[in-house]
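In what follows, structures are represented as structure tokens.
Next come two complexes, and both contain chain A; in the first it sits with chain B, in the second with chain C.
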Partner chain A sequence: MKNKTFRKAEPYIWILPSIILMAIFILVPIVFVFRMSLSEVSKAGIIRGFSGFANFTKVMNSSAFKLVLRNTIVWTVAVVVLSTVLGFILALMLNNEFRGRKIARAIMVFPWATTLVIQASAWKFIIDTDYGTLNTLLLRLGIIDKAINWTPTAGAYFTWEIACGIFVTIPFVTFCVLSGLQSIDTSYYEAATVDGASYWQQLFQITMPLVSSSLTVSTVLNIIYVFNSFPIIWTITKGDPANHTDTLVTYLYKLAFYNGKQGQAAAVSVIGFTILLICASVYMVYTLRKGDD
Partner chain B sequence: MTKKPGSLKKLILRILLYAVIFVVCIITLYPYFAMFCTALKSRAEIFSMEGTILPITSLWSNFLDIWHRAPMANYLFNSLLIAGGSTIIAMLCGIPAAYALARMKFKGQTIFLGFVIVSQMFAPVVLLIGIYKVMSILSLTDSIIGLVFINAAFNQAFTIWLLRGTFIGISVEMEQAATIDGCNRIQGMTKVLLPVAAPGIVTTLIFIFINAWNEYTVALCLISTSEREPLTVGINIFNGYNMIEWQYLFAASLFAIVPVVILFMGIEKNLVSGLASGGVKG
Partner chain C sequence: MKKFAALFLTVSMVCGLAACSSNSGGGSSDGGSESKDEGGSDGKVAINVIAAQYGQNTKTWWEDFVKEFTTEYPDIDLTVEVESWNDIYTVVNTRISNNDAPDILNIDVFANYQADDLLLPAEDFVSKETYDKMYPAFLEQSNVDGTIWAIPDLASARAMYYNADILKDANVEVPTTWDELTAACEAIKKHDSKIYPWGIDMTTDEGQAAFAYYTWNNGGGFVDDDGNWILNCDENVEAIEYAIGLVNDGYTNSDPANDTRYDLQDMFGAGQVAMMIGPNSIPTYIADGGYSINYEVAPIPTNGGNDSVSAGVMDRFMCFDNEYSDAELDAIKTFFDFFYEDARYSEWVLMEGFLPATSTGGEILAKEDESMASWVDIVGSCNFYPTAKTEWDDVKQGVINAEQQALLGGNVKELLDELQAEIAE
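Moving on, here comes the complex of A and B:
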């Protein structure tokens, strides 16, 4: 009898440490954020009492928020879409046998392994107008004869930040797709070639369907990462000038830790993960439906 | 007659392939090259009007100067402590959980796995205010131990995901045989399953280590004493508000990059197949 109860309880003992860890450091913070978003919070972070949706209305009515939300969407969509397309093409290329393939693969690991703050500092230095190496390089090569201001506007800064985001995201896509590509049985292609299928036909009718699962994994994870990405923007512009390069995460960081508006920052957090949750459920519904077919 | 244009086309494609890969590699390496060259320059040379790509005089002393211009040894030690500690805790909690998910059937299994996956959506940065509050309650703000637990917690999803995939991929038969020989579950796991799963475990371990080593945002927010900062935050001491000491910033950065890039090269192949297979089986 005792043995039986132990058997039933056993799995829960095994997962208990993990549950405790995640409960304290993820679940409790989530609860706090939700509570704070619905409360009046003092500058020191003390919850003063229920205030309904006051924080949300304050956030939504501020002119900065609309800009920030737009930036976040542009940032996420541009980085995820472009890095997925470029990463996919790169994976197709790396899937060929050629000399130096191992070296090429090793080099492409670099941006993935490097911490984003350092990546971003390097790019900030490269594009600097006065002493950046991009200008130096182009001047030395004789391509330009006067230093170019690469970041004349906030929009230009934001574009460079997106470029930096794409740069660091490509390797992840490439390696995910590559692992999918390498698990495809070559006999499919041999059969298709015998049947006279062109390269493009093979790409769309054999390759794409078979790597779609690795592509979905990388895309879903990238949407989450890029949406929540903080260091690139923080290092290059800190969201300046006047919120023109802010995304939700840099905006909420400033609200909470610079302006002492923790309640509003919590509201921005809640809005942020509501958006992600909608994206995730769309994805879930889509994949579940595909599973049914 | 029909063969010739085909092989010419192949040759052109081949050259194109090499050209594109070459350009991509150059662009990828460029920031590192620029960092390295800048780390060797003097301040005057960096800001000079007649800029050069390569340093005119290589100041290797920059790599030594950073050690007494900033508490670099502290930063390095803290990063090691944070990354090492997070890895140990994440594994200690993650291995049993992944084992239970792979080898046992229990009520709430899907809910648990669901929570693990959903927890991925919450990056620490969106929860910072909540995390800060929890840390104040536990009086762990401005402490390395606090960062260790946060990194371990936010890496649980990956740990469980990767390990569960690894364990599922290994046949149960050997463990069953061991049970017949009188081993209990824990012995079956430690003596039979874990050695076979070693490659997957090492991959997971290194991946968590790298993630924690590279973590920036939470450390930036929680740590207020300079001596307790990890490298990612600490090196910004050279990134002053009015003046950036690029040569020192990049010299210090290279110390933060090199070990991790080498580790990453070692696990890249296993890691990706683990991610993908975990995804398929999930």
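Moving on, here comes the complex of A and C:
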């Protein structure tokens, strides 16, 4: 009897350390952020008492927040969608047999293996009007005769940041899809070829359904990573000018550590968390339901 | 079941990744500081300091300082943690939130900590002898309701730097007024369209300095004589419109909202910017960067017959009220006496090319270096940001935002009116 009880409890004992660690390092900070978002917090970071939804109201009423929220949606959708499409195409290419495939795959890892701050600094250096390498290259090649301002507007800056985001995200998608592609049995393609299926038919009828689970994982993780991404925007523009390139994460950082409004920063954090939770849940449930069907 | 598992997985992932990427600091508490430990088990009195990193030499300087200090005072266990300007606010606020305020903090602002009753009055943690060395005007910058809450550790002052060769080639005199400045910019632009005649930094890091340069030299500023905010006064509107006009006329660097002071200094060193307003540390920066341009320093151009006003920036030491014993308070006083010993303090100031905040330090440096003497005079008479006011963080970010909105085409008057109303709330 005693042995049976132990058997039942044993799996839980084994996972107990992980649960304790998760509770300490994940749940506790989240609870603190929620608490802070509902509190009046002094500029030095001391909680002065419960303030209800005052922080949320202040945040929602600020004109900057609407702009930042729109930027965050554009940033997340553009980076995730484009990097997924491009990563998928690259994975299809790298799945083919060709000379130097191993080298090509290794090169793909570089953007992923380099830290985001370094990547973003390199992009900033490339596009700079006054000393950027892009202008220098084009001038030396004689393609242009005077330096071009690649970032004349806030929108142009944001587009470059999105391009940088796509560049660093592609390898992750590529490798996720590649792992899915390599698990597909080649006999499916052989049978389809015998039946006269075209390349596109094979792609949409065999490849896509069979890598959909890999794509789901990479997309959900990317939504979370990209939504929360801080280094690219912070390194290139710090959200300037006037919040026009800010996303929720850079905006809340400024609120907390530049304006000393930690309660409002926590409220933005909670809003971001909620949006992310809803989007990722809907996407995952929808994709898996489709799989069931 | 599968859907439930998917939902659970998603929630866990979002939670995990949100927690990992959260920068807002989780810790919080209901009150300032907790009672300090009575030193180590070896009977030593422990003091911990968080210091700002001014440059590449700061860390080494503090390491040497700790060695010398602990050799001379073996009963005091001194720890100095040097933090970059990017991290120091995060570190300090997180520590305060977690009831772990440092004993001594070296940073630029103090008002938020004072407003939360976290600090000791300066005269409680500095000996009279050391306190008397400080320039009274500097101490006044940390005055709230008649009490001085922090002591200055160093200062820097700003002036206009110009590339003498470019001005000579363009046949331009050194501008002293805004009209002359506009004319000089036009002439330089005509002389060489690749050169930016004037450098402007309106970034998140230093946009408040740009606001100060133009408004102070047009008879405006952040506050009036009674300390009331006057952000939307006519002089300020005119000043910011003038600065934005220089950008719109193509006389400045192409991206003032993103070109930092260091970008401008590099461009100035490379001869790409003809004139800019910058700190007294520029000569060191230019020499260290290996640049070789022929440059001079002049007062900041003014408007409307106002005298040229230099902008001063001052950093401070403050002491958190960690319920010290007499022995601990004595140890803290000893720390400051040791730090402000004239020779050591001169070394500290020169380490990264700053200016002294003590009269004795000023005398020593002025004697040693003639070029330093003029800067010591400038810093003694320049204006400072109103950092003793708790609204300063909001004002600082507010004026930067107004400048950047104006760069995007916003109406300066409306932007400053909006900011003034927001601060007055």
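Points to keep in mind about this one:
Definition applied: the second predicted complex is superposed on the first by the 278 of 293 C-alpha atoms of A that agree within 3 Å, B and C clash if a C-alpha of one lies under 4 Å from a C-alpha of the other, contacts with A are read in each partner's own complex, and residues count from 1 in each chain.
Just so it is clear, contacts are C-beta pairs under 8 Å (C-beta built on N, C-alpha and C of every residue); 3 or more make two chains touch, one makes a residue touch a chain.
Treat the numbers as computed from the prediction; the structure is a model and nothing was measured.
In the superposition on chain A, contact is made by A:237 with chain C only, not with chain B. In the superposition on chain A, A:253 makes contact with both chain B and chain C. After superposition on the shared chain, chain A has more residues touched by B, the comparison being chain B against chain C. By the touch criterion stated above, A:43 is placed in contact with chain C alone, chain B being left untouched. In the superposition on chain A, contact is made by A:285 with chain C only, not with chain B. Contacts of A:32 after superposition on the shared chain: both chain B and chain C are touched.
Looking at the shared chain after the overlay, A:98 reaches chain B, while chain C stays out of its contact range.
Of the two partner chains placed by superposition, only chain B is touched by A:133; chain C is not. Shared contact residues on chain A (touching chain B in one structure, chain C in the other): 22, 25-26, 28-30, 32-33, 36, 45, 130-131, 221, 224-225, 228, 230, 249, 252-253, 256-257, 262, 265-266, 269, 272-273, 276-277, 280. The residues of chain B lying in touch with chain A in their complex are 14, 17-18, 20-21, 24-25, 27-32, 34-35, 37-38, 46-48, 51-53, 89, 92-94, 96-97, 99-101, 104-106, 109, 112, 115-116, 118-123, 125-134, 136, 149-150, 152-154, 156, 160, 185, 210, 213-217, 221, 232, 235-236, 239, 246, 249-250, 253, 256-257, 260-261, 263-265, 268-269, 271-273, 275-276, 279-280. Chain C meets chain A in the complex at residues 2-3, 6-7, 9-11, 13-32, 89-90, 93-94, 96-97, 112-113, 115-116, 118, 194, 203-205, 253-255, 257-258, 263, 266-267, 272, 390, 393-394, 397, 401, 404-405, 407-408, 410. Interface residues of chain A, counted against chain C in their complex, comprise 22, 25-30, 32-33, 35-36, 39, 41-47, 129-131, 146, 149, 151-152, 154, 157, 220-221, 224-225, 228, 230, 237-244, 249, 252-254, 256-260, 262, 265-266, 269, 272-273, 276-277, 280-281, 284-285, 288-289, 292. Residues 8, 10-12, 14-15, 17-22, 24-26, 28-33, 36, 45, 90, 93-94, 96, 98, 100, 103-119, 121-123, 125-126, 130-131, 133, 135-137, 139-140, 167, 175-176, 178-180, 183, 213-214, 216-217, 221, 224-225, 228, 230-231, 234, 248-249, 252-253, 256-257, 262, 265-266, 269, 272-273, 276-277, 280 of chain A are the ones that touch chain B when the two sit in their complex.
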